[in-house]
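In the two assemblies presented below, subunit A is common to both, partnered first by subunit B and then by subunit C.
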Partner chain A sequence: MSPMSRFVFGGSDPALAMALGFLLLLMTATGAADNQSTDPASSPTAEFSASPATETAVASDAAPQSEPEPGPESASEPAPAPATASKPGSESDLTAAFDERVSQLTDNSFKVKEAAAQAIAETGDARAIPLLKALLSGDLYYRKDDDRIVYVAPAGSSGWALTDALSGEALGEVGRRDVRKITVNNRMRSALRTSIAALTLASPDPALRLRAAREMVGSDDPAVISAVRTQLAAEDDQQVTEVLTLVVAIADLKQPDIDSRLAAIEVLHGNLYPQARNALNGLLETEQDPGVLAATKAALDAIDRKRQLNSSIETLFFGLSLGSVLVLAAIGLAITFGVMGVINMAHGELIMIGAYTTYLVQQAMPGLTDWSLLVAVPAAFLVSGAFGVAIERTVIRFLYGRPLETLLATFGISLILQQLVRTTISAQNVVVQNPSWMSGSLQLNPGLALTYNRLYILLFALIVFALLLLVLKRTALGLQVRAVSQNRAMARAMGVRSARVDALTFGLGAGIAGVAGVALSQLTNVGPNMGQAYIIDSFMVVVFGGVGNLWGTLVAGMTLGVANKLMEPWAGAVLAKILVLVFIILFIQKRPRGLFPQRGRAAAD
Partner chain B sequence: MGLLQPLKGDTGGKIMLAVLALIAVLVPILNLLVPEGNPLHVSTFTVTLLGKYLTYALLAVAVDLVWGYLGILSLGHGAFFALGGYAMGMYLMRQIGDRGVYGDPLLPDFMVFLDWQQLPWFWQGFDQFWYAALMILLVPGLLAFVFGWLAFRSRVTGVYLSIITQALTYALMLAFFRNEMGFGGNNGLTDFKDLLGFDLQSDGTRIGLFLASALALALGYWACRWIVTSKLGRVAVAVRDAESRVRFIGYRVDRVKLAIWTFSAVLAGVAGALYVPQVGIINPGEFSPLNSIELVVWVAIGGRATLYGAVIGAVLVNYGKTVFTGAFPEAWLFVLGGLFVLVTVFLPAGIAGLLKTLRRRRSEPTALKEKSA
Partner chain C sequence: MISIPSFKPLLLSAGIALGLTASLSGLAEDAAPTADQADDETIKVGVLHSLSGTMAISETTLKDTVLMLIEEQNEKGGVLGKQLEAVVVDPASDWPLFAEKARGLIEQEKVAAVFGCWTSVSRKSVLPVFEELNGLLFYPVQYEGEESSKNVFYTGAAPNQQAIPAVDYLKDELGVERWVLAGTDYVYPRTTNKILEAYLKQNGVAEEDIMINYTPFGHSDWQSIVADIKKFGSEGKKTAVVSTINGDANVPFYKELGNQGISAEDIPVIAFSVGEEELSGIDTGPLVGHLAAWNYFMSVPTDENDAFIETWHGFIDDPKRVTNDPMEAHKIGFDLWVQAVEKAGTTDTDAVENAIVGLTTSNLSGGTAKMLPNHHITKPVLIGEIQDDGQFAIVYQTEEEVPGDAWSDYLEGSKDLIGDWTDPINCGNYNIKTKKCLGSEQAATE
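Coming up: the complex of A and B.
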């Protein structure tokens, strides 16, 4: 049997490893499913800071390419295609009024157009929002022959595909010169934004209402405020109510009577919306009343304290995120280096192979980007693991007990692997797509958002760590690995097939490197040199944590990550890294065997 | 006779030095006296290339001294090489004077570009060659001394030591990449004009630098042989093979290590200082950990603990690199990588070991015959 097939099929341990791999897959899969179900609610929050104009642009861009994957974001976006073509008879009057108003948009005068847009908004017709959004983003045209209002989408080399804005009927393709854009001026744009916001505020979908409400934070347009007050009375969603209260409170800061202002300040106390802070700062300059002034200051102090806390949490998160990357990169090395005593300089290249496997998996299943990672994780484990077993069987097994020489041989292997990727795939970096559930961020509060990709990779690192620990501590393979690493001769005497254990251990370490590659492909560029960037850091983590100690690797990785990010604000990224390296050099002088040294006979070389 | 004492029994070394002497005589003659176009003519480009190989060879000897005879696998010797190179580069920068692009009589171009008003303190004195020469020895030596003093006293050994030497060169690389450090940042130091008043572009200077490299290699080799054949060298080999035992016998292991380690770093610095004027540039890339690993591989391929093997390895690998990267750039990494693997697995004693085996095989049959007779 070849080493590879033995690795996959032979014995109970590899079977268990496979089962664990599958479990991993399941866990990630359910994670993804959970995420998809929560996403529609949270995705608008991710875009909350973007200006409405760009949002609409995004929406209309996304519409033509939303092929087989109904991503949660495009689902929540009203695509600029008219919803229902014609309404039931009883509303036909309204529809007629709507149609008439729309036809006025072809007028040359901005005044007429603005009035028309205002009227369109007031009809409350379901087609109004997409229409006004298209108007705002400059995607609304009319046909020169018959003044029909149309949406356009690029078609062919130089033509437009037209869709009737009123009926939703496809009108075929025309040349670009056959249609004319309906232009808007700045005044109209702001009016349009207000109208769109008010319309969405009345939407039955709470998520859309929330988003509309957020767009209104800081607005001082009396029309908007009164619309908000009306909606506030009828609102039953708690989140929306909170934001609407905020909108009203910011507006109330300008109320003439002191009590209203104090009440508004009370609402804004510790509120993290930047608009709240700006409004309070503005009040600080204009306010005459000492009582209100003091309340304003207190409210601002509370805001600043919370912001401080936010930034600390953010730094910690970035640190843990960097730490999780370090742990992922180093943990495979902790096995090959820590348990087997092999200095595997090709470790970085095994990570690279994992990342390239992700790329190839995505190439093989186009259009299924959301699922590709779930396939890529086990695939990368197997591919890198197979490379690992091959490396062990052909090179490393001749070098046991000579750790420094494994360094040279594996360095040679790393060069070969790099060149292999350059020759067979490309010398350039390749593009690995991010699945939709990896993009966006988790909005903890208005001033703090944790990006999903970093969050998932942090979780992923912990899961991989836990599984690895489980394999080493709770399975027969793990027992044998530990036995061989502690006393090879005695283990052999007890009937452990040490050659097989070596191959499997190295394969396991390499496979974990491959899995790390999948995660890293979501954060950094994937290219032939990517492995080199991680190899030194990985060695630092393993040595700092203590060779042969998985917990040490976890603690060391997280510590170094957080320390790096803590120092970055005042030292800069490069200097922080240098300081960490110098710290490790000095630390090794103090504790030559790392944070958690191995004890007993195994430690004595 | 005392001068040749260290070479006693070192056949490989004698052959190597003889070849070196031959090259040192022939190359200048073939370059300067044989007219261009004659097939025997050696171009100035080749002279510089050979000079570069010789500095690499000296560096490899320095690595072999600590790895082969002291058992310390340094993954950071490139740092000492680069520091020596930077010291020389700083001298060469100051020699440019007002001939730079910005024509500032005192500040090198990159400082003018960064809008610095005055020369940083650590650039003072580098306009004097004697000072620069002193720094070429002192800076790598001092760094190695401090680093070694800390590491050897705490008994950091083996893999841990290798990894922290790697961390050292990595940290230095990151530091030298920073513009604020005042060493030219990413671009390093370049555009050198002359050395001790000689134009760096002229054939004569090139030959001079080549000869200086050959002389440095010969002297460095001799000094290393002198060390390894001395009492200190024998203790060093004992430390390599059984460190605890040597300590228990009563030797100060850390001092033995520190002395040889520091000397090796100084040697690497000298190699770097000779390297820079020949290639015309020094940048932070020289600190790259990969460079340091690569030079360890030269030693491994040549054969460790022989010293002359290091010379063979450095010259052969770099020659191969020149040939291959020119002819088949795609294949070079395959060849180099394959070489590493094959040598470590099948030739643990390197080329020098292979030569020794061959020589023994040739003499064995005769020995057998004598015995049977």
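Coming up: the complex of A and C.
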């Protein structure tokens, strides 16, 4: 078994180094990537209250498009917008065609609506972008009595103010039941995004252009490609150029002449966009020329090598992230169980209390979700810590040295705490919001993204661990805790107030459990039963790592996390968990004191 | 001195603790036995839904629904001139306890019918009791099929009323070609996925275009599974996830999808266990645009539905409460039972069973529910997209009702079987090829 522990040690060092790397990456990347990765749909505001906000957003988005130059299409004609270029016809003809297309949006069939939206985009009419955007975000309605397409804004207590989507004319107020929303389905939404992207490809804002360009990767619509080519010639932003080149290269794979295919393959060599790989795979099946075929294979090999590397990094990250959750859940127990020897079955409930504290903090500071976690961490520490001290003073202190009774008593406490939450808050799960900086992911390259919430929680686990270590090794309280747990009588003889130390130690462990609850509230459901899910895992980690050893807890948590994730792809989530449990049972048979047993007198029974 | 306890007592203690959890939950008390005023002037109706434990969240609502229906019926004058009386028991999400409570309801309380159960395992657990004591059970939740009992009426959806139409929608309307079948590891997802896999293969989907994945109850670490789905879906063909993931595990699943940048447009997820009630307890942000297939949505625009919602809000005294599919199923089951009792003129089990087949009542989506000879009912299939207010925008509805099929046509072992509880067949698993009733033989080999 000792090679095992050496392996584990070896493994933990790069892990730490990697975590530090993440920290640096984060510092530089969060600011820039945030607004991009945040899904616009992730704001959980109620539908009705959301509409005015998005409404104005749509309007202001559209403003620069339509206002500065009257008739932007005629002005930007040479530039990209894949407007079905100027059919000979007067302005009013075009408007009539546009209006007719718009009126088709009230149809019941999604196919008709999709075709209509496509046609609207192709008219290149200035009103198209705001209209399509409103359609996409579900803010486009029609009036039931005359099928007139309208934008709505809440007015009065239950009425809505209407604006004609075509003429911009105000149509007065109506009741909510008088208008009906124009529904869109998934497929239509994605078509709409591409259409809007094509229309915004020439936008002055590089971020918008980048998004538009990304939407077009893999497109084989000749109109889109020619628009992209035009834009590429004029593009000055490096990122956008990169993506546009990719779009053109994928399209060029279908060129009849060998040289342009080879050039395209050169561009796609090692490119991690899945569309590039798919296009090359497609080429592999149709290509006749041996030279091109060989180049394709080489390009694919390069892609696969990079993908391999990506997926190893990904697995490691997933493992460390699962490990960090285990460590967070277990680390409080490492104090109460590991250092003090109390079998605390209510540990999971202390985590739960931390999670509920997060919920209550968020309720108390509405609108400040982004900051709530900063308040919740100390609050949860104090609340759970206070519960811990209370439990220790009222129950556990009478039961020291009687593990079975402690177990039963704390089990009872766990039931009481669960019921307490059920009666005072609710038996249902509660909604804990994710701050915007915890949503989305850090895009390292087109094939590899690490989710922010996991990244932060990994860091958070390490910080909590470091702080706890610092408290135990560098403060007077830590010294006393260690002294009492090693030899109570001697510590008391030296003037340590052991009862007070016991209470504070238990409070510290409970407080850390509460802090873990804050982190877990970001990952999983917050409900009265949530603690149950972590109690077994926590004991597992502490016992595996070696009771009384904080480093053991860290290494054990991370090892189990990574082992679980390494096994999951081939064994499945259910079997992986079982295998880990079996492994621990066998391991404990062989080394009953875990990975890092306490040595010397402290270990004596 | 505090000794750090050695491991053997620790492990022993842990074992005791676990045993304790199991046995404690069994000790839960009956919720509200209103048995005492038993007189012949009332007809007793049993309500067998968990009011504590993990299933309480979903099942408590159904208990309230039955109470509401009974109250409504009593205001109309009851049944056969007698008032109805609810006998509510709490099986506490404990499967063996379901059987015990069911026995109590039938033997001691002598209830005329029982409305109850949610999970398939609870239904399987009470099934022998109902068959032995000849009781009546109305089961209101969608299930995996492959069952038809003389004593059970399945008012929830069979797979051909939910799963198959959902797959058809993805295939035909969204152009999906690759399929991820993701589920929680228990009987309903496993059987449903077996049926779907067979169905997809018959429709020309290749083996490598189907990915099947099972996770434990309450799974919360979805990182690698979602990453796999992402990879699976990035190979050029339109991909969708058919989710039979149960309850709590859904929230972290959808969150992870959102965080890894998979939107409903890239890879839509269609769920069979996510309804209004489940959505009301969570942050719906990451779920918006994903799909669910049911036979009823609260957003169904009919007058019957508006009236039902109004009655519900009045009864429960909370205008924020939602209605959902199993509630509609109970309403239909209850209406049919009342009609059958009136028609038979008695609450006798056999008479009601014979009377109820072929009866119809209107459902809440503007159609008709008819009790079929296999004890399943006809239902429309609706597909909705999740909205940010926790409601569904209906994007698809079958033209007419789909009759529930007890035995799937897509599984080798069951495609020749039918259930028919009318004369002359009178059998839950009749083989139309060999013209034989398998009877309990089939159950034994299962």
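Simple rule for what comes next: the second predicted complex is superposed on the first by the 415 of 605 C-alpha atoms of A that agree within 3 Å, B and C clash if a C-alpha of one lies under 4 Å from a C-alpha of the other, contacts with A are read in each partner's own complex, and residues count from 1 in each chain.
Note that a residue touches a chain if its C-beta (ideal position, glycine included) is under 8 Å from a C-beta of that chain, and two chains touch if they have at least 3 such contacts.
Source: prediction; values computed, not measured.
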For this session: Please work out whether A:589 is in contact with subunit B alone, subunit C alone, both, or neither, and reply first, second, both or neither.
Result: first
For this session: State whether A:457 touches subunit B only (first), subunit C only (second), both chains, or neither.
Result: neither
Exercise. Touching A:418, do we find subunit B (first), subunit C (second), both, or neither?
Worked result: first
Exercise. Touching A:577, do we find subunit B (first), subunit C (second), both, or neither?
Worked result: both
For this session: Could you tell me if A:407 is touching subunit B, subunit C, both of them or neither one (first, second, both, neither)?
Result: both
Exercise. Is it subunit B or subunit C that touches the larger share of residues in subunit A?
Worked result: C
For this session: Check whether A:540 is in contact with subunit B, with subunit C, with both or with neither, and answer first, second, both or neither.
Result: first
Exercise. Of the partners subunit B and subunit C, which touch A:345 in the superposed model: first, second, both, neither?
Worked result: both
Problem set entry | First, second, both or neither for A:525, with subunit B first and subunit C second | second
Problem set entry | Residues of subunit A at both interfaces, subunit B in one complex, subunit C in the other | 343, 345, 403-404, 407-408, 411, 415, 539, 543, 547, 574, 577, 588, 592-593, 605
Seminar exercise, completed: In the complex, the residues of subunit A that touch subunit C are 37, 39, 41-48, 50, 110, 181, 183, 185-187, 189-190, 193, 274-275, 277-278, 281-282, 314-315, 318, 321-322, 325, 340-341, 343, 345, 400-401, 403-404, 407-408, 411, 415, 427-434, 439-441, 449, 451-454, 484-485, 487-489, 523-525, 527, 529, 533, 539, 543, 547-548, 565, 568-569, 572-574, 577, 588, 592-593, 598, 602-603, 605
Problem set entry | subunit B contact footprint on subunit A (complex, rising order) | 337, 343, 345, 395, 398-399, 402-409, 411-416, 418-419, 422-423, 532, 536, 539-540, 543, 547, 574-575, 577-578, 581-582, 584-586, 588-590, 592-593, 605
For this session: Going by the contact rule at the top, pick out the subunit B residues touching subunit A in the complex.
Result: 73, 147, 150-151, 153-160, 162-164, 166-168, 170-171, 174-175, 177-178, 289-290, 293, 296-297, 300, 330, 333-334, 336-341, 343-345, 348
Exercise. Which of the residues in subunit C end up touching subunit A in this complex?
Worked result: 1-7, 9-10, 13-14, 16-17, 20, 24, 54, 56-57, 173-175, 185, 213-216, 218-221, 223-225, 227-228, 234-236, 248, 251-252, 255-256, 258-261, 263-266, 268, 280-286, 288-289, 291, 385, 387-389, 393, 395
